[in-house]
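Below, subunit A partners subunit B and then partners subunit C, in two separate complexes.
After this line comes the complex of A and B, so read on.
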C-alpha cells in the first residue's frame, strides 16, 4: 500500500511537470493557433541554465529565477520567428518552431556540451502517510499548484489576461476593440517559455537533462494537451496528471521499458477518437 | 525541347558521375540519392496530399529491417529489395488507416510518435537484434552476379531515384493527381466533387512510404548493418527540410533540395574537420544548417527553391507576367 502511495505521489510530481509544459502549449495554441514544437526546448534551456548558474556559485532561488527568465526570453524569440512575419499559416509556423528547436540543439551543444547535466535540488525525503517521498517531488507539486492558481488569477482578473482570452476566442473581434493580436501572440509565446522554464527548473534535479531531452518532454506535453483538445487548460492538467501517474505506475510495477509506448499509444488513441468527433468544415474555415 | 535536352544532360551527368567520383565522394553521392528518393515521397505527400509526416524515417527503417531480415534468413537479396518497399507500403496502409483521420499538427505529432514507438520496439525485440541491430548483411546480388564496391550501389541508388521520379510524375499527371491537387486545397470541396478523399490520402501515404522503404532496402545492403540508432528523429526532419527547400509538390525540386542540403552539409563537414575546430563542430554545424535553412525557406521562400527560380526565369521571358496561381 505504501509503495502504491509512493508511486502515486511520484507520478503526480511527474504529471505536474508535464502539465506545466502542456499548459504552455495550450496558452500559445489558444492565442495564436500555433502548436509550438519548441516547447520542450524552453525546459531544457532553463534546466541547463540552472545547472550552470549553480555551478558558478550563485545561490538557489536566484539561479532558478534567472533560468526561468532566460526560458521566457527564448519563448519570445521563438514567437518572433514563428508569428513575427505577417501571413504565416499555423502549419508553416509549426515547421518554423521545429526549426527553432533544432537550432537550439546547436546553441545548447556549443554552450553546454552534449553530455547530460543535473542540478542539486531539495535534498532529503519525508514520510507522508507511511510512504517515503522525496522533498523535491513535493516541491514540484507545490510550485505547480501555485503556478496554476496564479495563471487562473492572471487570466480571470487582469486586463492583460482578459485580452489574451479575447484573442483566443475571436481574434477579429479582439482587433476591433483595439487589442494588438500580434503582440498578444508574442506575449503568449513568452508565457509559454516561462511555463516551460518552470518545468525545466523543477525537473532537472530529478533527472539529468541533455540537449535532446526536449523530444520526450514535448511529446509528453503534447499528449497531455491533446486531452484538452489543445484549448482547455483544466482538462489538460487532469490529462497530464493521469499521464504522469500512469507512466510512473507502469515503471514501478515492472513495465519500465514500455513507459514511452504507454504515453504515445494513449496520445494516439485520444487524438483519433477526438478527430472522429470534429467536422472537417469547422477546421477549414479557420 | 529545352526540357528534353536538360533532362538528357542531367541523365548523362548522373550516369557518368559514379565512374568519375573518388572513394570519398561516392558514399556522399549514394546517400544523396537515397535522401532524394525519400524526399520525392515527402514532397508528394506534403505538396499534393497536404499532409506533414514527421515519421518518414520510420518507413526507411521498416524497409531496411525487412531487406536485412530476409537477406540474413537466406532469401535472395533481390527478393528482399523488392519486399522492402512492399512491406513499408503495407505498414503505411495499416498505420495510416487510423492515423490519417488526423490532420495538420495532430498528424505531425502522430507520425513522430509512430517513429518513436517503432524505434523503441526495434531496440527491445529479439528478432531485430535489439539496440545492437543486425550485422553482416550479405552483399546485394542477382543470381550469380554480386554487387561489388560503391560504384554498383551508386548505379542501383540512382536507378531507384529514376524509378521513383517516373512513378511520381505519372501519378501527378494522371486523373488521381488532379484529384490530389484539389484535395490539398480543400478537402470539403474535393469530397463534394466526388473524390474519395480518405482513400486517395491513404494511397499517397503508402506510396511515399514505399519510396522510403526502397531507399531503406538499398541502404541496408550498402552499409551491411542496421540498428535503431541509424534512424533518428532528426532524419525525418531532414527530409522535411529537403522537400521544403526544393519546393513542395515538385519532383525535380525534391532532388534539388536533397542535393543542396547534402552538399552544403558535406562542405561544412570538411570545414569542421579542419585542425583547430572543436570536436562538437560537425553536429553543431548540421543542426544549425537544418534549422536556419528550414526557417528562412518557410518564411521567405515558401514556394521553395525550384519554383522560385523557374518563376523568375519564365517571368523574365514573357513580360508582363500573369501569375496563374
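After this line comes the complex of A and C, so read on.
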C-alpha cells in the first residue's frame, strides 16, 4: 500500500511538470492557433541554464529565476520567428517551431555540449501518509499549484489576461476593439516559455537534462494538451496528472523504460476518441 | 466626419470595393445600403482600420468605433468584461457611462455574453463600441436577426446619440425601411461600386432601389 502511495505522489509530481509544459502549449494554441513543437526546448534551456548558473556559484533562487526568464525570452524569440510576419498561417508557424527546435539543438550543443547535466534541488525526503516522497517532488507539486492559481488569477482578474482570453475567444472582435492580436500572440509565446522554463528548473534536479530531452517533454506535454483539446487548461491539468501517475505506475510495477510508450499510447487513444467525437459533431451539424 | 475617396480594396485578385467615393459630414447619420456581397462590410472593416486600402484614401475625424455584423462578442467573457475591453483604445475601463446610456447592461453585467439573447448581445456590442468614446460610429447591420421592437429600441438610442451628442454615424443596412427612417441621406452599393446616392425621401420612391434589395441589379 505504501508503495502504491509513493508511486501515486511521485506520479502527481511528474504530472505537475507535464502540466506546466502542456499549459504552455495550450496558452500559445488558444491565442495563436499554433501548436508549438518547441515547447520542450524552453524547459531544456531553463534546465541547462540553471545547471550552468549554479555551477558558476550563483545562489539558488536567483539561478532558477534567471533560467525561467531565459526560457521566457526563448519563447518570445520563437514567437517572433513563428508569427512575427503578419499573415503567417498556424500550419506554417507550426513548421517554424519545429525548425526552431532543431536549431536549438545546435545552439545547446555549442553552449553546453551533448552530455546530460543536472542541478541540485531540495535534498531529502518526507513521509506522507506512510509513503516516502522526495522533497523535490513536493516542491514540484507546490510550485505547480501556485503557478496554476496565479494563471487563473491572471486570466480571470487582470485586464491583460482578459485581453488574451478575448483573442482566443474571437480574434476578429479583438481586432475590432483595437487589441493587437499579433502582440498578444507574442505574449502568449513568452508565457509558454515561462511555463516551460518553470518545468525545466523543477525537473532538472530529478532527472538529467540534455539537448534532446525536449522530445520526451513535448510528447508528454502534447499528450496532456490533446486531452484538453489544446484549449482547456483545467482538463489539460487533469490529463497531465493522469499521465504522470500512469507513467510512474508503469515504471514502478513494470519497466521504467516504458514510460514514453505509455504517454504515446494514451495520446493515440485520446486522439482517436476525439477525432471520432469531432466526426459525430460534424455529422450532426450538417 | 468620414471622407472616402476613390477607394479600392481587394482580396487577392478579387476587388471588393471599386473606386468608391462617399462622405459623411460631422454629426450626420448616413445610410449605406446594398445586397449581400456588395462590399458593405469590407467598407466597415476598412473604416475601422482592419483592412488596408489597395488604393485611394480613407479619412475620418477622431476615433472610429465599429459595431460589426453578427455582434462578434467575446462569448466566454462577462458583459462587464466585454464592455471593459471595448475601452482598450481609449483606456476607459469604467462602464458607468454606458450603463447610464443602456441601463439594461448594468443588470446583465455579470452574465456571460454568449448566453444572452440576440437583442441583448446587440446591446452589448453597442455599449462596447461606445466604451471607446468614438467620434464616428460605423454600425454594420443593426437590425440583423432582431425583433422589430428590439431594433426600434436600439435605433432610438442611436438617434439620440446622433442628435444630442453629435455622434457621426454610418449605418450599414439591408433593411432599407429602417435606414430611410433614421437617416436623411443614403448611398447604395452593389458589387463594390456606388450605384446611386441621395436623399432618403427620394431614394424611397425609386423602384430601382427596391429591386436591389430583392436581389436584382440596379440598371
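In this section, the second predicted complex is superposed on the first by the 277 of 286 C-alpha atoms of A that agree within 3 Å, B and C clash if a C-alpha of one lies under 4 Å from a C-alpha of the other, contacts with A are read in each partner's own complex, and residues count from 1 in each chain.
By definition in this document, a contact is a pair of C-beta atoms (placed from the backbone, for glycine too) under 8 Å apart; a residue touches a chain by one contact, two chains touch by 3 or more.
From a predicted model like this one, the values you see are computed outputs, not experimental measurements.
Colleague: In the superposed model, does subunit B or subunit C contact more residues of subunit A?
Modeller: Touching more of subunit A: B.
Colleague: Figure out whether A:20 sits in contact with subunit B (first) or subunit C (second), or with both, or with neither.
Modeller: neither
Colleague: Contact-wise, after the overlay, does A:96 reach subunit B, subunit C, both or neither (first, second, both, neither)?
Modeller: Touch partner of A:96: subunit B, not subunit C.
Colleague: Between subunit B and subunit C, whom does A:260 touch in the aligned arrangement: first, second, both, or neither?
Modeller: A:260 sits against subunit B, while subunit C stays out of touch.
Colleague: Which partner does A:268 contact after superposing on A: first (subunit B), second (subunit C), both, neither?
Modeller: The answer is first: A:268 touches subunit B but not subunit C.
Colleague: What is the contact status of A:109 with respect to subunit B (first) and subunit C (second): first, second, both, or neither?
Modeller: After superposing on A, A:109 lies in contact with subunit B but is clear of subunit C.
Colleague: One more residue to check, A:163. First (subunit B), second (subunit C), both or neither?
Modeller: So A:163 only meets subunit C here.
Colleague: Which positions of subunit A touch subunit C when the two form their complex?
Modeller: The touching residues are 159, 162-163, 165-166, 169-170, 172-179.
Colleague: In their shared complex, at which residues does subunit C touch subunit A?
Modeller: Touching subunit A: residues 48, 50, 66, 68, 72-77, 81, 84-86, 88-89, 93, 128, 132 of subunit C.
Colleague: Of all residues in subunit B, which touch subunit A in the complex?
Modeller: Against subunit A, the touching part of subunit B is residues 52, 98-99, 101-106, 108-110, 112-114, 116-117, 120-121, 124, 186-188, 191, 233-234, 237, 240, 244, 280, 283-285, 287-288, 290-292, 294-295, 298-299, 302.
Colleague: Would you pull the subunit A residues touching subunit B in the complex into a rising list?
Modeller: By the definition above, subunit A touches subunit B via 35, 81, 85, 88, 90-92, 94-96, 98-103, 105-106, 109-110, 113-114, 215, 219, 222, 226, 257, 260-261, 264-265, 267-268, 271-272, 275-276, 280-281, 283-284.
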